[in-house]
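Some structures are shown below for you to check.
Both of the next two complexes hold chain A, though its partner changes from chain B to chain C.
So, the complex of A and B:
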């Protein structure tokens, strides 16, 4: 497969963005290592632990990918809405409600065989997530309330309702932990031991990749995908061409909610086989950073989620292997990446200047792209 | 000869790879009315911004009253006696006229409005320029707001005044009033620079002209020694095209009624809210809508596109129209950056957006149909070539094209991507260079001659006088008057009469 097919659209701007991103991540890494040195740790040692902790063995890689899986879903959820011009900060709540719905089905109908149970749970999770997102969408288009406001409120509602369902309706009375009964065996997704060693990595990663493929096709190939992005990029133009921004914004929010609603599948259906209070663990919010880092594109989100999963695993190893560094460093590293993303426009400008057609490198680059890429910028 | 009040020597300015000014050298005499001419992007605004300290030149020397100057900020320039009226006014709408005039030079805690009024009135060239000092700026017309901007400069004792496209927003009568004010200021000994692209104003009112093209100063001259052709040639860099002559409507074909608007009223838009508007557009004619900006033009377009709820009826070929835009309409929107283009995207994508159904299986296309981007690319490449759109490569962002090329791209898409029966063109030549304007005018006349109905909304009366078969004047949302070029018995198709109707005078 040629490089440009992999990235869907491929032109100078994208290359500039990618180079800017590389610089940003490098700066973030330097900042984190500087912090470690300030704490009195050996920077090289810290870097080694993070690197090996994240990808050093099958089990390490498995953990990284396991941590990455929910982030793929929430990252896609945030990214899709954002390309249509909406900020879905409610992925956390949508993930919580969708996850509990999936587990509830597994508790109530434990006998179902996998062939029915898997699609049914995913469908239910997606529907409940979409329903949770429909509330801010409705307020947005009917009342003009900003979606961020309603999304945040819906997150609080989800914590409350979710906690109630887990602790009072589906609670496992025999357990000391705040968790539900177990789901039927037909609902459980298989482990991927060949790939993830001793880690909880499971087949929902495959599901995530299938969804990445699907969204990439939907966004980059179909009229619907084009109209969605069009509304996000030039709403007034779209409206005057007969493409309704209102309708597309509602649809985008529902799609986003559906994606977030399925985000708990890896934790709940693939590993725990039950729901624990607070299982979402902030994945909905980290999804925002993943979406931004991934450039709001499905394949980019997948890559960013894997990076974030690796950072999370690396930081846990640091916690165990060093004296002064706790696993909170994962948060710091992720924050540094977000800062790097926020600095992208600056770096973008830098590279745009470097690769401008008036420079010798720019000329060469443009010639190459023109020859090799008949579709131009898309 | 008197020494120059402003002189430029080899002034250059680059933005990235884009040359905005290149080795501009020019001298300007004091106490005169200078016109700075040029197409969009020729560098005329940039040159004046260099003079005023808003833009710092990369190279070259600027002398003001013989002294070499390098401003750190516009504040230095103001202190040295320069003043500039930007194209977009910098007034505080909720404050009164005198407060706006005083703003920035209040002096101390106590606002002494009476003293400020006395001071400014003493400085006015004559008493007719007095205003109602206590009215709020938001209640003023555009022409009056512009006068407030000029009063600000007078209050600051600006000896050198620069006005950036001051007539773009004015009706003919206001334009005359503006220039008579500028002439009075000139007669007080001030030097006035007017950036414009309207040649008629230059020849009626200004003393000298200077033409910039592609960042270079092409020619300068005295208005009284020059011909119009000479200036146009300098601006375009080539022979000016022959003027368009509208032929009488052909009688070979029956003219059917395409669009009819019956007693249309809208609630939105304030002064521009539509009030009982009736219009008809036949096939093979250009109906011009004249009027000051904000007289209901935007509301009319929005109503026809079904964007707002309105009272009244819009009929298409005698049938009540469904909400929304028809596929056989070409739409040239007023604000092309927001309403006709997706600025961050490529030339190629923009050239097919909205008409992409044909790249996704034609009429049977559903929203999940896959778009054939290869075909999209090859089809729009032909459209763009046919309409002479110039761009570096097809992946280039459309925002980097010139205004004229953007507008030509929009015409290429709207006219070739659809089976056009009707064209709705709102300010199609605003911010477009002369060469492109000529091409656009030709297109519209060609369409008319082919039997397409055209509704042309423009605040440039000259444009309508050249192109329209009939003109309807909108004023405060209602139809104030109608003029027919071909009818013998009707009111004269006369520029002055139409101009009067635009400002609400009875005709």
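So, the complex of A and C:
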């Protein structure tokens, strides 16, 4: 039996986690559709619009992937910090500052050819994002202030400073909108029309996937990644093994900030080719939900980001196609996903009890898992 | 000297919502419930107060609705966090996200506008002057005594420092925490009411503008004690009023752009936090599941 062998390599723990996550997501879905029904819309119709809006056509899929691209970056940023035990809620500010730095370079040196311009912009975005994240890291290490608070304050500073740079320093005087001058053509990333139809999907999606690969290798295959996870999972063990938690926390925050600093590349370098006020649009906060849903693992984050990109596109279609529902329903869905993930310990406990070998369900499950593998299944 | 009097009055006005939110947060944090959801509670109650005041035309009903909405959201946040054994910060973030999504959804269904409630006339607003500031100072005085001397205060303290001590006495620390979350919600709700019915005339999108987080910073700066927290609130309000005063004016012949000035309270907060070299410790059992 092929299928059972597939399960055989799994243990009950994994099954429990999957059941728990499935339950949580189901409850979140029921809550959101319940809200839609309370507003007087047909729940099935709402679900249909979201589904088709997200994946119904090439263009729809392209939009979903386009919305997903910044979420991959911010999701990875939040996830990396969280694996080291830090909550980077400042990805929004880091993304804003990094993005403006990237656009500023494209405005100031418009002649650069792509081969120089692309790596240079990404490097600059990453550096500025890391610099913005260095402030909470410093507070955490030197003052013991919780990083969440400092990150949030830095977000507000970033809104102000970012608004100033966009409206006063790099502003396009001929435009009615609050936006900057355009970046040089060498800085622009190509569109992926073959994949995304009419959507603004662009090559930065490839960049996001490369970074997923890179982080997956860094986290799982290098000593540095192992030490980072030690600090997050067993700080005392790390310290006694000569791995400095302080140093690794600072490094994790800088890496996280660097990832968030590049998050604007899809919107700014791939589509708008300039910066607009508020271009981050909450991607830093949605990144928290993406990271949690992705189980803090790079490939999980990629999958969660694509799901959330689809939800965002679906919610925009809802805004257009229904009377009462606005695109803010996407935020409600994201919040419910975070609640579902936050409730995982309890759901885990429930399923662990339910599937314990001493219960009738658990006995059957274990017998089934162990039929061909007397040692497997545990 | 007229400008000085106007400035002090403005500080008192702006401090009031911060003080109520901070005192609410202080109670819940002392009970061991990390309360990053203050921002969301301010928004919920500001919206509820403005929506009810706009529908009934009565400021008093708006006030009641705001406080009740605050207490209810406090209960929802406290109970769900405690019963789900979830991380308080993750749940708080979820709560804030939820509020950001739910308010415009309800607003669109209720008033046809996803951003704001209709502007309120004078009869539907509270004319309180600095009354709320005085009430806030009274609250700080009472709270300081209540936390130290009453049975309720000691129970809140134990729930945050060592919940097992409460269990030994036969008191449920979960209940104490959820109760504290309700009180915190009601106080933050009062802060939200001040935002939409006293300082503003109706609800505007994201009108708390980070005041919930500033209140949290005030608690941390104040080492989870009422008087220093009050002082921190006053400092932040002073920075906020200075920001409003400076907007559109030129300092030494240089007109400072509004977007930069608006960061003043946040930069002031960061500076104050950075200057405080002594490490202050949070309640020991904060963010510990029960």
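Quick note on the criterion: the second predicted complex is superposed on the first by the 338 of 378 C-alpha atoms of A that agree within 3 Å, B and C clash if a C-alpha of one lies under 4 Å from a C-alpha of the other, contacts with A are read in each partner's own complex, and residues count from 1 in each chain.
Note that in this section contacts are C-beta pairs under 8 Å (C-beta built on N, C-alpha and C of every residue); 3 or more make two chains touch, one makes a residue touch a chain.
Not measured: the values here are computed from a predicted model.
Peer 1: Given the superposition on chain A, which partner contacts more residues in chain A: chain B or chain C?
Peer 2: Higher number of touched chain A residues: C.
Peer 1: Touching A:52, do we find chain B (first), chain C (second), both, or neither?
Peer 2: neither
Peer 1: Check the residue A:292 against both partner chains and state whether it touches chain B (first), chain C (second), both, or neither.
Peer 2: A:292 contacts chain C only, not chain B.
Peer 1: Could you look at A:353 and tell me whether it touches chain B, chain C, both or neither (first, second, both, neither)?
Peer 2: It touches chain B, and chain C stays clear.
Peer 1: Which partner chains sit in contact with A:131 here, chain B, chain C, both or neither? Use first/second/both/neither.
Peer 2: It touches nothing on chain B or chain C.
Peer 1: Tell me which partner A:223 touches in the superposition: chain B (first), chain C (second), both or neither.
Peer 2: first
Peer 1: Based on the superposed arrangement, let me know which partner A:39 touches: chain B (first), chain C (second), both, or neither?
Peer 2: The second partner, chain C, only.
Peer 1: Please indicate which partner A:241 is in contact with in the superposed arrangement: first for chain B, second for chain C, both, or neither.
Peer 2: The first partner, chain B, only.
Peer 1: Examine A:233 and indicate which partner it touches, taking first as chain B and second as chain C; both and neither are also allowed.
Peer 2: Once the two structures are laid over each other on A, A:233 reaches chain B alone.
Peer 1: Inside the complex, what are the residues of chain C that reach chain A?
Peer 2: Listed in rising order, the residues are 36, 80, 83-87, 89-91, 93-95, 97-98, 100-105, 108-109, 114, 210, 213, 216-217, 220, 257, 259-263, 266-267, 269-270, 273-274, 276-277, 279-280, 282, 289.
Peer 1: For chain A, which residues count as touching chain B in their complex?
Peer 2: Interface residues on the chain A side: 11-13, 221-224, 226-227, 230, 233-234, 236-237, 239-243, 353, 356-358, 366, 369-370, 373-378.
Peer 1: Within the complex, which stretch of chain B touches chain A?
Peer 2: Per the stated touch rule, the residues are 16-17, 305, 307, 324-325, 327, 331, 333, 335, 338-349, 353-354, 356-357, 360, 365-371, 373-374, 377, 392-397.
Peer 1: How about chain A: which of its residues touch chain C in the complex?
Peer 2: 35, 39-40, 87, 89, 135, 139, 143-146, 148-150, 152-154, 156-157, 159-161, 163-164, 167-168, 285, 288-289, 292, 324-326, 328-336, 338-339, 341-343, 345-346
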